[in-house]
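I'd like to ask you about the structure that follows.
Chains: A, B, C and D, in written order; residue numbering restarts at 1 for each.
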Amino acid sequence: MASSIEKASTALHLINTIQQMDHIIGNIRDRKAPVLDEADKLPFEPEVSAEGIQQRKALLESKTTKSLPYLIDGKPSGDLAALNGNVENYIGMTRVPTGVIGPLRIVGSSAQGDFYVPLATTEGALVASYHRGARACMMAGGATSICLMEGVQRSPVFKFGNIADLGLFVAWLLPQVNQLKEIVAQTSRFAKLMDIKIQIEGNHLIVTLEYHTGDAAGQNMVTICTEAVCQYIVAHCPTKPMLWFIEGNYSGDKKATALSFTNVRGKKVTAEIVLSKEIVNSVLKTTPELMAEYWRSSTVGIIQSGAIGAHGHYANGLAALFLATGQDVACVAEAATGITRMEMDQHGALYASVTLPNLIVGTVGGGTHLPTQRECLEMMGCYGTGNARKFAEICGGLVLAGELSIAAALSAGHFTQAHQKFGRKKN
Amino acid sequence: MASSIEKASTALHLINTIQQMDHIIGNIRDRKAPVLDEADKLPFEPEVSAEGIQQRKALLESKTTKSLPYLIDGKPSGDLAALNGNVENYIGMTRVPTGVIGPLRIVGSSAQGDFYVPLATTEGALVASYHRGARACMMAGGATSICLMEGVQRSPVFKFGNIADLGLFVAWLLPQVNQLKEIVAQTSRFAKLMDIKIQIEGNHLIVTLEYHTGDAAGQNMVTICTEAVCQYIVAHCPTKPMLWFIEGNYSGDKKATALSFTNVRGKKVTAEIVLSKEIVNSVLKTTPELMAEYWRSSTVGIIQSGAIGAHGHYANGLAALFLATGQDVACVAEAATGITRMEMDQHGALYASVTLPNLIVGTVGGGTHLPTQRECLEMMGCYGTGNARKFAEICGGLVLAGELSIAAALSAGHFTQAHQKFGRKKN
Amino acid sequence: MASSIEKASTALHLINTIQQMDHIIGNIRDRKAPVLDEADKLPFEPEVSAEGIQQRKALLESKTTKSLPYLIDGKPSGDLAALNGNVENYIGMTRVPTGVIGPLRIVGSSAQGDFYVPLATTEGALVASYHRGARACMMAGGATSICLMEGVQRSPVFKFGNIADLGLFVAWLLPQVNQLKEIVAQTSRFAKLMDIKIQIEGNHLIVTLEYHTGDAAGQNMVTICTEAVCQYIVAHCPTKPMLWFIEGNYSGDKKATALSFTNVRGKKVTAEIVLSKEIVNSVLKTTPELMAEYWRSSTVGIIQSGAIGAHGHYANGLAALFLATGQDVACVAEAATGITRMEMDQHGALYASVTLPNLIVGTVGGGTHLPTQRECLEMMGCYGTGNARKFAEICGGLVLAGELSIAAALSAGHFTQAHQKFGRKKN
Amino acid sequence: MASSIEKASTALHLINTIQQMDHIIGNIRDRKAPVLDEADKLPFEPEVSAEGIQQRKALLESKTTKSLPYLIDGKPSGDLAALNGNVENYIGMTRVPTGVIGPLRIVGSSAQGDFYVPLATTEGALVASYHRGARACMMAGGATSICLMEGVQRSPVFKFGNIADLGLFVAWLLPQVNQLKEIVAQTSRFAKLMDIKIQIEGNHLIVTLEYHTGDAAGQNMVTICTEAVCQYIVAHCPTKPMLWFIEGNYSGDKKATALSFTNVRGKKVTAEIVLSKEIVNSVLKTTPELMAEYWRSSTVGIIQSGAIGAHGHYANGLAALFLATGQDVACVAEAATGITRMEMDQHGALYASVTLPNLIVGTVGGGTHLPTQRECLEMMGCYGTGNARKFAEICGGLVLAGELSIAAALSAGHFTQAHQKFGRKKN
């Protein structure tokens, strides 16, 4: 039984070390409203202009000490070989308009500081809405955002002649766990087999292997490791399965599932903020009361719709950020689940939180190395190894900003107006 | 009660007119395996090469009589003003590698013919897999794909002092339906209010307005029309709500819900194919038996995972096609739900179908007019008015191709190998 | 499209006639706290005693002018033939302890007045908890409880050679609706075919027939009618299905489904109450604040558990009342879904509502005619024709009472204590 | 990580000891069709007759060497005090017709042998249907039914000022696990704390305590233990929660949830059988082909309805057996979830399995000691300590019999006929 406890102890990055935790907690408690230097401000510009682009370029380059030639100046790449492994039957580059919001201040475990967040989208009003939410968070001293756990799964299924054979197989399999971990260690430099769970249904056995995948999103990595594990199993088990498949469609890959939602898939992040009545009034143009009312009514609404979890529009921010940073955009289908909560605290302020248990993200591999994608990650100091949890915490803060802004607009009756203003072609 | 029947009669595009239906049915029944002209073939190329790009360019230009300067030649756009309404705080263009598959033959209601389908992705093996599935469909004479129904919803919520007040409001509201349709007609040239449904929970009333939105995806359009409807309602109703919000988080916007899945959101498409044992062997490298076995085991697997619907990886193909064609990529969160079915027929062939009830897509508006996105739509003859159902049917055929290919790989034990071959950087 | 509106107009019993509605609304608004005659009070007795039984017997007989010889005096039935149609391989009678709560005041559309509600259970504390909730409702002038809609479904599935054949079948079927209604009218005196809905998935067509079933729960009735309808269809349709089954496991029979939850199955009832701070304090031993807090935290809890809807323990009260009154107890699996909501109103009082969309209940047929079951229905004036909606509204009020009591106990930390006091054997 | 493996090792009763397992497997493999002694047969009687009752009485008494005076002879109980702890405000006994099916042969881990199973119901055709299914299982040598795991949960929720405080609390809590186990051991003779899991959502922490509860269903037991645990926690933790509730509506108590379905609640049982073509023809009046077809179509049907899991009518058999044996009938709401699978094997026989992960059952406590309920348990040798897993395995076999019978009737078009024959009053 110590099992889940031990697992929790190691899995909860929040409490990995008391020292680190004290540091995080210090940051969370010491948070205060910033006096923003004029130089840090990103003025909002709804229309596209060459001047605006140059102003933002100057700001971003000064803050990040990096230039952004591919993204901002449209520098061609030229290196076709760099595309190998990302695409077949290549014909060219789809180009997606990209805006920037921020600064988004994150008080997290791996992410600490002010971030300018790139969002690639064709939907008017999206960038504007997240920018507004980020501003509200900034004025409150920043959003707490913590990566709690991580794990990527593959779920091979084995089918036996009957339950008795299945039982013999399980009895053989369970003591092999160290051997299986060793096979994984030999197969991948990065993957670590963290847990094995079994699910029996008649003569079907699903074996879920859960991995840590370092800073990669990791779907390919866990496939290759699971193949190696299964080849070993099938070669050595005394009771052979009649059939086996490397994925029994149980792992939640590329789709929202109740199972992934109640566990973790990729990274689990929770983020929270307290917004004073004044910030809600001045930035979000509504009141904490109305936002809490809206949360309650809309939560009962989404329950009636039969969603997995209960939130507003996680998919908008996640799709835009995933796209800009070379994540697997199809994973929006699984990542855009979670719980948003908004309520008034005893001082009349608004408490808001978001919890995203299925953030499949990485800062190495996939499309992260491509020219504009790499620049977008570098803009947030998130390119390469050591940055995946940091990036996940930025995702949490971004989503929180978006939930605040849309709930504010809906509660105050400004939702339509925003879309009329930003989302329609004038010409 | 005639209601649902009448609605079905008008809603089912499949049977809009017997003549049209006879035509479709003739096409479906007359379908036969094609003798593909060498000139129509798109040879598969896993690695990126300048020669390959030029070959595909030549093929696409010859088939579509359009050049693709933005996509293939990387021609810069220059027209910043064209981005207004798509993005704010603009800084540049995210560039996403794009491949092409096909020809994908569709025998549909609005889509008829052979299509070369652009897919924007950073995930290796994705284009290869859909290309293989398309080839199998081609050899079987093409996939049937039918857009069955359409509808986009907004769901304002009204809160009353008690159920009695709510009842008086409903009694007033229901006879206003023609008035509300008129308001919609005056608000938008394209939106048509098709249906109103009410959902009562205590003193909460959700009023779901369902629209046809022409060839636009339509989320903004239905928001603006619903705002107009609500303003009229609130101004004229004798029993006033205490509060109302234009969206009660019930419409399923940007998230998978059981409600949208059992109804329609956007367009509902079903597609099917029968693949002979020979095609399954030669193209998909497995057998109908194994694919049917895989379907059964994996369907029981996904049921155990608590998904909405049961399918393999709709999100992969949809995200790549949405991205290439200027759709709202965040809608992958709702579109990637549905049902895949595979079974052996009495002749030992494989029957396979996919059903996608939540395809939020458009061929006007959104990002469809942007340079590379427009070219990608034009490549399939899907740019502009009159093409949304055709595009939805291509989505259906694409998704069917992808389900066939992944199920084949998983059933035969080739899944890992494909990802090792295409999905990893060699350098 | 008028369809859903028209359907709503006829389906919503709440607004069937403005006159009736005015009457209901008058009752709702005029509600006030009662001055309970001593003779109407049902004193609470946790332990079982012969005196207590006689006191309750006297009260129930005086209020209902009926004696209860089978239930209270244990009179044997003797009439074996009366069991035909209820059971096979009969060996005897299972006996279940039955308590009574009340008076439960209902201000409804079909139910108006004070009810003593019998609950058959073996779970200590259950009767006590519902009794307490009923007392709180009584002191607030009674619970509003309205039967909003009704409908019982059967969902035959037809499988075709391909989508084209399916389309021809649908095109033939839809104009047959009046014929099908006529067949139903000839097959059953009570069943009325109200609506037909179709659901297409590949070459599968599910045809959902929705009926009104008078005062019977109606599952057998709709099966027999649907058989007749299907026999007609299969005999006359020009395009024959390859296979068909009278139930495609889509109707939600005997199980909780998202589909039934978002529509109606059996009867849909919503009930509400406003409890002053004083009532919450004196009867429920907690505060509106704590109950609203509990509701919010526990609703987020149940969302995380992946339930259908969000409530506390509907199954407890429903199982006990269904059992006492000869309902199909297996239907608890589908009936125990819905939404409970609790919040503070602007005056600091507690607003609470429950909504149960899937109440499969009847006052004729099934086990309603059996000796003790009939007495239990008569105790509430609910035996026989004309009473099903009334009974459903009593279910709504009962469930509301139970939700209030458990939420109060949990919010105040008294939940364990209640179960220790009532739910454990002392001997 | 060893955690889940270790947990699985101890939790999987199937493989507790290799010796026991060999024994079970021997039983499963040695199974053969029985030559039933005439004296063991229970002839089917659709109508109720005094002679039939006496015949069944004689058979049951001879097989079980127990008389059944309360159930069969209607002997009054007289002992009112025995009802204390089961009901309050007692007024009498609800009487429910009870039939018997069997023999149902179970080849299990704890259940081994032929069982006559009592079913209390008012629904005609129910007993007949399960009896038929049991006969088919008998002819195939009996159904394998294995209790795989067990666990009953309580899920208190703790709310903190912010995530930092929550983190400090978790860091303190996790090392307390042995202390918490000790508290449980001191609070209850039967309950064992097996696992603790935490779920974080913003400033909400749900702590799920999972227990073994001996042979009791255990809901009260786990409530009382969790209260003791929480009182200790709240008294000793350095970082105090702002609020806490003993149940955050996350444990799945009295409702179907995706979470309970993917884990275990109560007992998890899987049962399977292989029926030859001859048995399917002669007893079930259909063919393996048609049953496999029905399974596929109806599984796609239930997926479309948005159920939790996929099965036919578990609730029917479970409600009837729960009722007869003094189980908590409200738990049908959670127990009636799971997965039924039917397919043809390579020899043309029918393979069928059921998996029920949420069987909340007990053979001590609750209503098990009441007169008729105790007799019904004794009829199966299931009364008192040491019998809960055995009873759960009988539940599994019963449910399998019921799924076979209904699927056979639906596949062959006999479903309506059965209900017309048994389920309607003739007089």
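Here, contacts are C-beta pairs under 8 Å (C-beta built on N, C-alpha and C of every residue); 3 or more make two chains touch, one makes a residue touch a chain.
What you are looking at is a predicted structure, and each value in this text was computed from that prediction instead of being measured.
Contact with both chain A and chain B is made by C, D. When the interfaces A-D and B-D are ranked by C-beta pairs in contact, the top one is A-D.
Computed centre separation for the pair chain A/chain D is 39 angstrom, with centres defined by C-alpha atoms. For this pair, chain B with chain D, the centres built from the Cα atoms lie 42 Å apart. Residue positions of chain D touching 2 or more other chains: 199, 201, 204, 258-259, 261-262, 299-300, 304-306, 308, 310, 339, 341. Residues 258, 261-262, 296, 299-300, 303-306, 308-310, 339, 341, 343 of chain A touch chain C in their complex. Chain D contributes residues 1-9, 12, 14-15, 18, 21, 24-25, 28-29, 144, 146, 148, 162-164, 167-168, 170-171, 174, 177, 181, 193-204, 258-259, 262, 270, 272, 274, 306, 339, 341, 351, 353-355 to its touches with chain A in the complex.
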